[in-house]
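A, B, C, D, E and F are the chain letters, set down in written order, and residue numbers restart from 1 in every chain.
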Amino acid sequence: MARVVCFGELLLRLSAPGRERLLQSPQLEVRIGGAEANVGVSLSCFGHQVAAVGTVADNALGEAAAGELRRHGLDTSGLRKAPGRMGLYFLAPGAIHRPAEVLYDRAGSAFALAPADAYDWPALLQGADWLHLSGVTPALGANTAAAALAAARAARAAGAKVSFDGNFRPKLWEVWQGDARAILSELMAEADLLFADYRDMGVVLGGQYPQAEALARVEAAAADAFAAFPHLQWMACTIRAPRNVDHHALSGVLVDRDRGTALAPQEEVGPIVDRIGGGDAFAAGVLHGLIGGWEPERTIRFGLAAGCLKHSIPGDFNLVSEAEVEALVGEGRYDVRR
Amino acid sequence: MARVVCFGELLLRLSAPGRERLLQSPQLEVRIGGAEANVGVSLSCFGHQVAAVGTVADNALGEAAAGELRRHGLDTSGLRKAPGRMGLYFLAPGAIHRPAEVLYDRAGSAFALAPADAYDWPALLQGADWLHLSGVTPALGANTAAAALAAARAARAAGAKVSFDGNFRPKLWEVWQGDARAILSELMAEADLLFADYRDMGVVLGGQYPQAEALARVEAAAADAFAAFPHLQWMACTIRAPRNVDHHALSGVLVDRDRGTALAPQEEVGPIVDRIGGGDAFAAGVLHGLIGGWEPERTIRFGLAAGCLKHSIPGDFNLVSEAEVEALVGEGRYDVRR
Amino acid sequence: MARVVCFGELLLRLSAPGRERLLQSPQLEVRIGGAEANVGVSLSCFGHQVAAVGTVADNALGEAAAGELRRHGLDTSGLRKAPGRMGLYFLAPGAIHRPAEVLYDRAGSAFALAPADAYDWPALLQGADWLHLSGVTPALGANTAAAALAAARAARAAGAKVSFDGNFRPKLWEVWQGDARAILSELMAEADLLFADYRDMGVVLGGQYPQAEALARVEAAAADAFAAFPHLQWMACTIRAPRNVDHHALSGVLVDRDRGTALAPQEEVGPIVDRIGGGDAFAAGVLHGLIGGWEPERTIRFGLAAGCLKHSIPGDFNLVSEAEVEALVGEGRYDVRR
Amino acid sequence: MARVVCFGELLLRLSAPGRERLLQSPQLEVRIGGAEANVGVSLSCFGHQVAAVGTVADNALGEAAAGELRRHGLDTSGLRKAPGRMGLYFLAPGAIHRPAEVLYDRAGSAFALAPADAYDWPALLQGADWLHLSGVTPALGANTAAAALAAARAARAAGAKVSFDGNFRPKLWEVWQGDARAILSELMAEADLLFADYRDMGVVLGGQYPQAEALARVEAAAADAFAAFPHLQWMACTIRAPRNVDHHALSGVLVDRDRGTALAPQEEVGPIVDRIGGGDAFAAGVLHGLIGGWEPERTIRFGLAAGCLKHSIPGDFNLVSEAEVEALVGEGRYDVRR
Amino acid sequence: MARVVCFGELLLRLSAPGRERLLQSPQLEVRIGGAEANVGVSLSCFGHQVAAVGTVADNALGEAAAGELRRHGLDTSGLRKAPGRMGLYFLAPGAIHRPAEVLYDRAGSAFALAPADAYDWPALLQGADWLHLSGVTPALGANTAAAALAAARAARAAGAKVSFDGNFRPKLWEVWQGDARAILSELMAEADLLFADYRDMGVVLGGQYPQAEALARVEAAAADAFAAFPHLQWMACTIRAPRNVDHHALSGVLVDRDRGTALAPQEEVGPIVDRIGGGDAFAAGVLHGLIGGWEPERTIRFGLAAGCLKHSIPGDFNLVSEAEVEALVGEGRYDVRR
Amino acid sequence: MARVVCFGELLLRLSAPGRERLLQSPQLEVRIGGAEANVGVSLSCFGHQVAAVGTVADNALGEAAAGELRRHGLDTSGLRKAPGRMGLYFLAPGAIHRPAEVLYDRAGSAFALAPADAYDWPALLQGADWLHLSGVTPALGANTAAAALAAARAARAAGAKVSFDGNFRPKLWEVWQGDARAILSELMAEADLLFADYRDMGVVLGGQYPQAEALARVEAAAADAFAAFPHLQWMACTIRAPRNVDHHALSGVLVDRDRGTALAPQEEVGPIVDRIGGGDAFAAGVLHGLIGGWEPERTIRFGLAAGCLKHSIPGDFNLVSEAEVEALVGEGRYDVRR
């Protein structure tokens, strides 16, 4: 089992009950999430030692968010508490032809306002095997961009591998006019593992991927990434084909610089319970395989199965054990387990 | 944007939670509905000025029903309050092979007992572009039948167009032995737009529609309707093919007296969240296109998309904007909107 | 209508709300169930006089369980109250690729600890047309095994027919090292009707069923059963093909010793609301046909339709009337019933 | 233990959650009640054999109401099912200075419309020790007034004692212009036990009770009642002093024609959980004492304790055992019972 | 009935269910509030024509907030929609010795960021009899302070009376270093009616109020206010004595420049359902009396009764009619109203 | 801040919603509790480092219980997982005159069945300042009695202080015929701090305490305890006077062997939200004062304030900070904190 550090923002998700629109009835369900925390919780459920690093508001909401991570086994001693607000997002899950709606209310959060030097990376990364980051963090502003880069460099310096999930969000970058291309490039340059597809590579490297097949586009983008970033060993992504809001099809790709492409064949996923966090669950699954030194084929199949299972679980977290993912990889059993 | 008056009964819907049978557990969810109110709320969401005319009980239930219409932007100054009871219906939504059950408890409501001359139509219709009515209102008794006819005639006199949704309910007509055929004929004779299919025309005009294809039956019925009702300009309906209780297929037809048939191709609709109000949502969509002077093709596609979206929303109302319907007409996007 | 006695354990089911994992949020929904009670409630809904025999804890939980049976029309005067605990099971319903999880917590229940001679069978079976039992009861221990056998023999002595649902549960037998094969054989030897498939016959009779088709395996097993158990007149079972957790396909088989095999063709069942009790609902449907002296074909179609409908109803009980099952057998109507 | 028949209307109570106003949020909690059913359920909880006689709607709501009585041990074989609607009442419980609001919606119910000769009283009363009725039933119309009188006379003829709860409701009598005074007099003339106070006697006998003390008024009214109704043996009532909506004080009086007045001293009752059914719980408690042949003092103390306990239980029913009432009569223990 | 304009910020209140701490369980109840909206809704319930002026976010949350005001009869055509966020506050209601906790999250809201000239006051105030404002609005920043002052001056210019509720919030003023004393003075100088007590006057006028009795302090402060602000005609406030979190005592004072002090005697208020909005309900009650030209005594008694009733209603709004308040002023009736 | 180890059983509490009786409606709220865990969570909220030692079932329920402790900051690495069941208790909270009901279902739990040598005390107590135990643990059987004694002795050996809460439960001791007096004596002999009153001392030491005043009885019992147990330094308890189920009065006593009695004067506590865990909250408060080396007076006031606050919080845990307790000790503020 590995020691993994996840750095990113914890968010409170406030969602409409059932399939209602936002505030159609006067109730909100509260879940905790955040791209990196989602990966961290999943890895903790697989048995790894995971530490969350970041900043939460020093109030009841921040305490509740941290508590939820501890509940799922994460070490939160690296979560700072600072005056300010928690980032929020409001969610109406959608149905049939009506897409889920996310309404972000995260500007000015305690995490976004934390100074870049608030984190003592050598201490926080002590003993870590991996650092996991995502492209949401640098998108929040100059402070968090600098912090993310410092984290990645400190990890590399400390001998920990770096996992980076592209997660390109143009709207966030526009707010503060950040140079997404430059900053993401610097971060990817530190990464051993990159979760990204041809769209991200188009943004960061300016590549064009006119291939008809999604797989071909991913492979071409991976080739560009390996060329641009010498430290990079793996690039992985899902290929998602939504049939309607309640039913998607998912496949998974892992490209290893040395061993080439491994593919997990398409799974039909529906009726979807909760689509949020599906990509993060996939990332955690792939990380678990790489940590275990598994064959690429086994790794990507595990990652895809993990991603699929997430769609059956309410909330952002993929609360499944390694054995449950393995059971699906092996041969799905779809009747009651007694 | 148009000014639209909707005349009809507001009902309280009391539904079992989740997919339970009625009173399986001791809770009921309350929604407000009514064929005409449903159309009115949808038109208000599309940006029109909508006034609800009718009668509610002068108690907390009637006030709550009126308040719900105001919440969605309707003008309720034309809603009378009178002693008596609110019409209710109990709903168990069904699932898979078990059809939804509706248990009406609306006899003797303040609306049904309101005298025909309770409404000052010239004042209520002042400035109105359209009046929308349905066949449920005349089915409730002699009072409401007379009121509906008075409304339709006043609208025509005032230069407002008349939209009439057939909504034939034999059980209601039987209660008071009303002459459905004669009264519906009189109402349809005032209509510019008729929501009806071959079954309604069979009842009202006595036509036979043995054609194999539903579309052919609709077109034949429309031809009969145009022949019988010289004011009538459009007839529209959905063609619904239930695959099971949770999954229907829907297409839409709009026949313009002058420009012939426009068809919106079949959409698969499932898993259904709430099927109630699907026809009303379609009607509102078609009305929106006609108000906008759109091409029949665009109108019927918009109407069908609106009807489909309703199936994804709990309650009787189609709480979607014009932009959301347009997005579905254009090309559905079935992943999270951030 | 018949008088039917059901003997078995009443359980409290504590289930996670929605599609959550157990205790993901701090709420449990409580339902009452138990293989034999489920059959009894369904038969009561079909109009039969049903008496529940067993033992519940003499506390608020036992009283609630008994009350729930009375609510659905069962006579509970044959339910003993004794010090001790109620059997519980915790359920997380699963979704998509994640199977439902059942966590039993029934050891040491008042039912399991009741002495074999606690029941005065001649009195309890007076006037009964049928006794229904399942293989769960003898699996709970020597006491309940003896009680089940006593019940079956008393029924035969009293001229009541015996219905036995195999329900083989190896884990329960292992706990007390009971000789499942011998005891189940003795019970089946008393049965007129056996709900079982080739897997049960493999256990009890040691048969091998290598046939490719499930139907062929069932027929071969039935042949063995008729050979082994001279009193046996009917063997019935469903053949279940899970497509994913939310969607199964079901067909039904009834083999009559004299009239051969009747088959109800496969139905697609999904999205499933609650899969628990599907087999019991099928059993009640078949019993209803046999009680009515129906043709095997009609009986098995009714049984399968009953089993399908159960999947649409929350909880363990199949709360549908005979007319509702008939409506599905005839021709399903999948739109709102007003 | 006695056999008791309760004749009256079953109602569905639809209440706002928590302390909300009606429809402040879109949910209603459903409880079953009715003055006579409340008494019946309480007597059943005390161990008596209770049969409910009346008429419910032949739909899911009527079935649910009957089922709820069975759940609490009542025999519902004397409950007719007839086409029509269930009587409803909407409740907002109030708080502090805001009184609870009851909104009746019971006109035209299946019970109110049942013909007077719908009930076969000799059969329904066979073996009965007591018949319990209330003044609500005759207030509903000529049919139910005749039925109530027939029931009371049949009971007397059959040797069963008659318990009658005055429950004077002027609004109901006004609707059909019934002669409350005459009809209630006829009913009281059949009663052995009368739940009434000086206000009821003022209405029925025209008495004036200007005494300063409530107890003196009750005793004077009882004297008038014993004079007017020779069969009458007992009159009982509570004296209620509301301090605010959440806190009332209650005492109880039982006047025995022969043994004079027994008083249960005032209890402080608050914070009140549910005040509805408090009087019925008191009535059941007094009946329990009279059935048991207890001393008046013991009877009235038990009755008051039962009435007090009801205020602690959500819903209309007093779901407490005899032992729980006795514990309060003895000496209240107000800490956790383990 | 009067036309009243309320200008201020609409907030979403997110509260913990029951008496839980924030996020103790993962649910939040949503209510709409805001000091001025609370007054406006109450006045609308009393029958006045009320218009809400302000700015909400142009998203589903802002739309829901506006819809809630319409539901209660307010005209929201003067509510601007602008990009940005809605102000939020999180509430845990407290109990016994644990005070309620409010966690504001309102910085940077669309309302706070709206430019001072965003409102066309002459148009918005056309036909208005009163403008109601509170001290929260100027406390939010220079923009809203300027807007509030512009509104007050425009009202005075248009002949509308000005009602101002002090509502001093030091924390808000500190954020932007606004000169509370100067700005509040300017606003109070425009007011005809001031809701304030000696603490506010201490802040704004620098007065010292060492009197032992709260009433004496209020009267001294009122004397100072009348001296400082020549337009001022009335000053009113409640005097609140919390006995514990669930139980407060409240009295009310209205000082009329010409007619002196009117006092509403202390009421015991408990167990409190929802304390939020109690002061706003009092203000609306006083305004209602002044609009009606009532005697000061009657006005302050009505105001206090209104304030007391609010404590019995969940949410920020005092959803009671004039008749309900009058009933309490007259003589409270604390038993069920049927 | 101190390091504290709590050893005891974690239980799942399943409670009826609101003030309902058990299973009156089909829902249970789940909370986690246990006498020692309750103390541990409170100490963690006060800022101490707390480790939970014990055994939970190796299933989803055990995992949830452990997760809840982690959520509140406890170290659960000393919680063993073992096959078996979780101890449960069902709770109906009671109201007014109806006492709360607890129904234990904890026999045969994984904790109760854990062998005495399952815990490696020297390792588990490393660095600990205090060990906290209660009398429930030895009452569960010979295994847990031996484990508790081993723990206490290991603590003393390791230089950690021992806190022991008597919590005498005769019913549990009877089950296995354990010698309560002997075993509790042995445990108390190891204690530095004893939570107990005269009833416990009566049981363990056979003392008689006929004094009229509760305080005198406590002091006499403390004198006996100090005489019998030379290591004992402090004895503390609450004196609880229930006025009704919703309202108790509480005072607190701390007797220091050297400094005599400190008393916290009686507080009125009501309306009670949740009485469970009140004693544990008091214990944690006293421990916090002793850890801090506070004066006895300050310690007992803090302990009583902590105990009072618990009654305002749903669930077993006293989720309040030191500052919140201090605020109440200082001078309660009972209005909203903004």
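Quick note on the criterion: a residue touches a chain if its C-beta (ideal position, glycine included) is under 8 Å from a C-beta of that chain, and two chains touch if they have at least 3 such contacts.
Labels paired with UniProt names: A, B, C, D, E, F = 2-keto-3-deoxygluconate kinase.
Bear in mind the structure is a predicted one, so any value in this text is a computation, not a measurement.
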item: Joint neighbours of chain F and chain A, given as chain labels; value: B, C, D, E
item: Far-end chain from chain F, centres as C-alpha averages; value: B
item: Listed chain pair B-C, B-D or B-E that repeats interface A-F [over half of contact pairs the same by residue number]; value: B-E
item: Rounded Å distance, chain A centre to chain D centre (Cα mean); value: 62
item: Separation of chain A from chain E, taking each centre as the mean of its C-alpha atoms, in whole Å; value: 45
item: Intercentroid distance (Cα basis), chain D paired with chain C, Å; value: 42
item: Contacts with 2+ other chains: residues of chain F; value: 21, 26, 101, 271
item: Partner chain E, residues of chain A touching it in the complex; value: 14, 21-23, 26-31, 59-61, 64, 85-86, 88, 90, 92, 101, 103, 105, 107-108
item: Interfacial residue positions of chain A with respect to chain C in the complex; value: 267-273, 305, 308-309, 311-315, 319-320, 324, 328, 332-338
item: Residue ranges of chain F in contact with chain B within the complex; value: 25-26
item: Residue ranges of chain A in contact with chain B within the complex; value: 18-21, 24, 94-102, 104, 169, 171, 240, 242-246, 248, 271, 275-276
item: In the complex, chain B residues that touch chain E; value: 67-68, 70-73
